Amino acid sequence: MTNHLNWLLFFQPIVDGEDTVWWEMLFSGLLWTLATSAVAAVIAFTVGSLMGVLRTTSHKGLSFIGNAYVEIFRNVPLIVQFFIWYFVIPEFIPPLKQWSINQDPTEVQFITSVVCLGLFTASRVAEQVKSGILSLSRGQRAAGYALGFTEAQTYRYVLLPMAYRIIVPPMTSEAMNLIKNSSVALTIGLTELTFRTKEMGENTFAFFEAYIAATVLYVIVAMSVNRIMALVERRTAVPGYIAGGK
Amino acid sequence: QDTGTLKKIAETKTLTIGYRESSVPFSYLDNNQKPIGYSMDLCWKVVDAVKAKMKMPDLKVELQPVTSANRIPLLQNGTIDMECGSTTNSVKRQEQVAFGNTTFVTNVKVVVKKSSGIKSLADLDGQPIATTSGTTSVQLIKQHEKGANINFKEIYGKDHAESFLLVANDRAKAFVMDDILIAGLVANSPNPGEFMFLPEVLRTEPYGIMLRKDDAPFKAVVDTTLNGLMKSGEVNKLYTKWFQSTIPPKNVNLNFPMSPELKAAIANPNDKGVE
Amino acid sequence: MNSLDFSAISTSLPYLMGGLGYTVQLTVIACLGGIFFGTLLALARLSSIKVLSNVAAGYVNLMRSIPLILVIFWFYFLVPLVLQAITGAERPPQIGADRSAYITFIMFEAAFFCEIMRAGIQSIPKGQVGAAYALGLTYGQTMRLVVLPQAFRNMLPVLLTQTIILFQDTSLVYVLSVTDFLGAASKIAQRDSRLVEMYSFVAVVYLVICFTLSMTVKALQKKTQIIR
Amino acid sequence: MIDISNVNKWYGNFQVLTDCTTSVKKGEVVVVCGPSGSGKSTLIKCVNMLEPFQKGTITVDGISVGDKGTDLPKLRSRVGMVFQHFELFPHLTITDNLTLAQIKVLGRSKDEAMAKGLGLLDRVGLKAHAHKFPGQLSGGQQQRVAIARALSMDPICMLFDEPTSALDPEMINEVLDVMVELAQEGMTMMCVTHEMGFARKVADRVIFMDKGHIVEDCTKDDFFGTPRSERAQQFLSKILNH
Amino acid sequence: MIDISNVNKWYGNFQVLTDCTTSVKKGEVVVVCGPSGSGKSTLIKCVNMLEPFQKGTITVDGISVGDKGTDLPKLRSRVGMVFQHFELFPHLTITDNLTLAQIKVLGRSKDEAMAKGLGLLDRVGLKAHAHKFPGQLSGGQQQRVAIARALSMDPICMLFDEPTSALDPEMINEVLDVMVELAQEGMTMMCVTHEMGFARKVADRVIFMDKGHIVEDCTKDDFFGTPRSERAQQFLSKILNH
């Protein structure tokens, strides 16, 4: 079956007589992948930063909330979380259920995916943010307080700006993980890239062609993210500051 | 001299059966995790025939679970020698694989909740319809005269159980699938009385045991066995056992009488695929 | 949910536990194999031989940029064909789904453990290598006796954290219809139409196991901090 | 100015400070010394509550720092502090390091803060480096900026925690010079340091700590003349010998 | 014993060492000093090829260290080296730190290595700590173990790279004492340090480096008497002043 790969398949209609051809399907899958990842990234960054900060504060209750959040969201497999967000949670919240029935199903899948993926990734981001803050010398926090900053001001002006810079490299892998993990959204029917790839494989039996195309697309996306983050790293680099050094 | 699968069986002294783990009542696991079902019973008959023909009473049979996604590649790369499940025999698939003579005929139908008020295909206009990813049955609606002009939205379930759950939870209004599979899901649901089929039959599809392509000698063994069972009427007994009696693991009865199409296929064994 | 019915769980408990056993076994083997090959890869990446470090880096980056589900597919369908091409056999050799899962996860995790071990090795002050060389130890001895033991100790918490992720990721072998814990649960769920009950059960089991593991990691982290 | 009375502090079961009592009057320069781990840093950090303590009281300019109701940020903004590792903010330029707290804490205008900051930078001899980042300066330069940053808040007193011990030997003097000048101008200072030359030159009093206790608390001349405790004698002999 | 001749070294385009030439005779103690970044550490590391250099030659006991064919591990095992940050192996006990290289490099038996190691540990006054891990010792103690570790290989000469600069002031002397003793026993030593007291006491020669050049290379008395270069005078005045 590998003897002759039939690349022309990508230009054949998905169903006889329709206009849409396979590469368009894969491309629309790619767009869903990118859209889901992008919105989820925003949620992950916001919630993750908040939770990460909570975990490093001196307030016992707040750091408990942060810790509990991380433990719950990172200790259940993503695929199970998808199922729970999509099938289980609406059953217990009648207004949500009503909304999910009335809304366009694609929108429901998209929003569910974005929330699920975002909150899951937030637990990973929270870990990074926490370790970034903790990796700063304790003296930085003390220096902030000693100048009369409040705790919030110390985070805002002293700790976070440096912590974010320090965690750019691990956040690059988290961003790449996020994109990869978006493929699990296929289990609730979101028609993202892996979904379309499987679909093409199953409909045309051209598994190799479809998976090669998908692999190439994922690698391109991952490399682009890598480049973008490298740019971010360069843009935010502090002159004279060697990462990890003091 | 033997070629293909028979040669392989002679050399390796094993035959590997691909089975499905939750395709009730064709091929699924009982509570002891043994694959059972209508297709499995038929396959064991084929195994007996192979043993007899090859004069290998101690032929080893291996059982390999497969999914709808990997059954064809696994057959092609030699992991399994035949697939005993509920695979539709289609002309398109015949480009890749071969099928034994038809063992079952299903009608693709639409299931809805009685409370939804939907009475016919035409009522589905503008509604979300569940479909299992990797299947194409929804497109059949468009090909039906009553569905030609309606617009609907597809919601994909990861598997049939999920697609059906979408209907049970009111997230989708209907689920289009082989009637026998739906009958299994309905029978197992908490409230079987909630659901009903729409009257339209979207397509009639034959199921068959899937085999490697271009392997006439092995296919001959399979077909001869099946034809024998059909002539002797043993197939009808098996049918009653699996479709019209209580079956493990939960002792439900599918109450699914034999369709005229299957009766015709048994009277006239053939391996014609659906377009 | 008007009627939750958890009876399917109790009747199929042996099956589910069998699945869980497989998950644990796969995790342990993939973890050990991954650490072994990951360490070799890390040494290759840090090597001054350009070709070696580039090949290793390429492998790691490729593995890290495609979804695991695609990697599983590739290994499953390609390895037999590759072996066939290598051995010139008439039929693709059969490696079976579970062996394929082992290979896939070892090779995939190797890429991740490589990065962890690399960070671990780089976290050892250069002075340690200098001190070992100054005593007359060779490169091999320096790595084996001085650098790797420390790197491994420093990275133990991170390695374990990655192992927890691995433990969850093994759920994806369901695409090979290998019966791991999630696979077993989802098959019973489908057979008996008890999706909600099953998946809720699965979530709780994973949460309990992974939470216990991550508490262990925390305790361990405290301990290794004292050793330093 | 600073009154420390019966302060006790524990880390878990480990007592770091035991019944510490002393005071620093306005304009006084007090040097704190003692072996490593004796609690010097901890004591000085208690003064502006960077470390909380469990027993005793500390008042700064009449305000009790341990009280629940005390506005700590406000109090801290009036106490300048210089750390062993400088603790400049690495992501901000020298100018921003000098003006940030003035603007955000004291509410000064940008221009005002800038004028103040540049003036102080000039005073520590680093006007030319205003646009640079901390990482681009040598250790001695960074520490001088750190002193200027503390001064920019117009503190009523200054705390120093081993300000020269992370510096290369060559750079120690450039920092000590700034501190000597400050002392001579009459700044109230409490200063943890091993630089006995500095203590000899400007200290009014020397406090010697050991194992969390204040063992000696006497004038400079008494300390270098005839320290009463054996431990202090031993310490001095070790530190002055090389 | 050690001959350094016309050594040049670049990091990329940056020249760290320029035409360095000097030598250390058997039994001689040479102190290397100079401002931070002047290349002292680099030079001393070139002696046992911990840093490769691009031009010039260094021979130790007649063996050229830069030659392709030289058995570096063997050469290095004969040159003892002590680092600024001790570099004991933190995952090994003190005993294992002392015996590892003896066993793996010199092929000594476990018992033999142990006897040697414990003897040296006794000599640096730390016999009681044999079973501990490095992290459980103070800096001064760790550095003494590091010296014992280097001695356990029966080196023909010893290299020191600022052995006391990471130590608390109190602990400097306990390390210097061990080094003085070693020097007085006739060990060949090349020693980067700012401890001018040590240099005064035991150095035969002092080398002063600046910007990768050897600026002064003269006897101790000449150096402390009338260093010829202005840079060296300046450096000395700064370092001796506080």
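A, B, C, D and E are the chain letters, set down in written order, and residue numbers restart from 1 in every chain.
The rule is short, and it goes like this: a residue touches a chain if its C-beta (ideal position, glycine included) is under 8 Å from a C-beta of that chain, and two chains touch if they have at least 3 such contacts.
If you're wondering where the values come from, they're calculated on a predicted model, not measured in any experiment.
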Exercise for review: Spell out the chains that contact subunit B while also contacting subunit D.
Suggested key: A
**Study point:** Chains touching both subunit C and subunit E
**Key:** none
Review point. Considering A-C alongside B-C, which chain pair is linked by more C-beta pairs in contact?
Key: A-C
Exercise for review: List the centre-to-centre spacing of subunit A and subunit E in whole Å, with centres computed as mean CA coordinates.
Suggested key: 52
Practice item. Go ahead and note the Å separation of the Cα centroids belonging to subunit A and subunit D. Key: 46
Check your understanding: Roughly how many whole angstrom separate the Cα centroids of subunit B and subunit E?
Key -> 80
Study note, to complete from the structure: subunit A touches at least 2 other chains through residues 87, 91, 207
Check your understanding: Taking each residue of subunit C in turn, which ones touch at least two of the other chains?
Key -> 77, 81, 195-196
Revision key, fill the gap. Residue numbers in subunit D touching two or more further chains are none
Check your understanding: Name the touching chain pairs, would you?
Key -> A-B, A-C, A-D, B-C, C-E, D-E
Practice item. Can you check the complex and tell me which residues of subunit C touch subunit E? Key: 125, 127-128, 130-138, 141, 145-146, 149-150, 153, 227-228
Revision key, fill the gap. Listed in rising order, subunit C residues that touch subunit A in their complex are 1, 61-62, 64-70, 73-74, 77, 81, 115, 164, 168-169, 171-172, 182, 195-196, 199-200, 202-203, 206-207, 210-211, 214
Study note, to complete from the structure: In the complex, subunit C touches subunit B at residues 2-3, 5, 11-12, 14-15, 18, 76-77, 80-81, 91-92, 94, 96-97, 175-177, 179, 186-193, 195-196
Review point. Contact residues on subunit A for subunit D in the complex?
Key: 137, 139-140, 142-143, 145-150, 153, 157-158, 161-162, 165, 238-242, 246
Review point. For subunit A, which residues are in contact with subunit C within the complex?
Key: 2, 71-72, 74-81, 83-84, 87-88, 91-92, 173, 176, 180-181, 183-184, 194, 197, 207-208, 211, 214-215, 218-219, 221-223
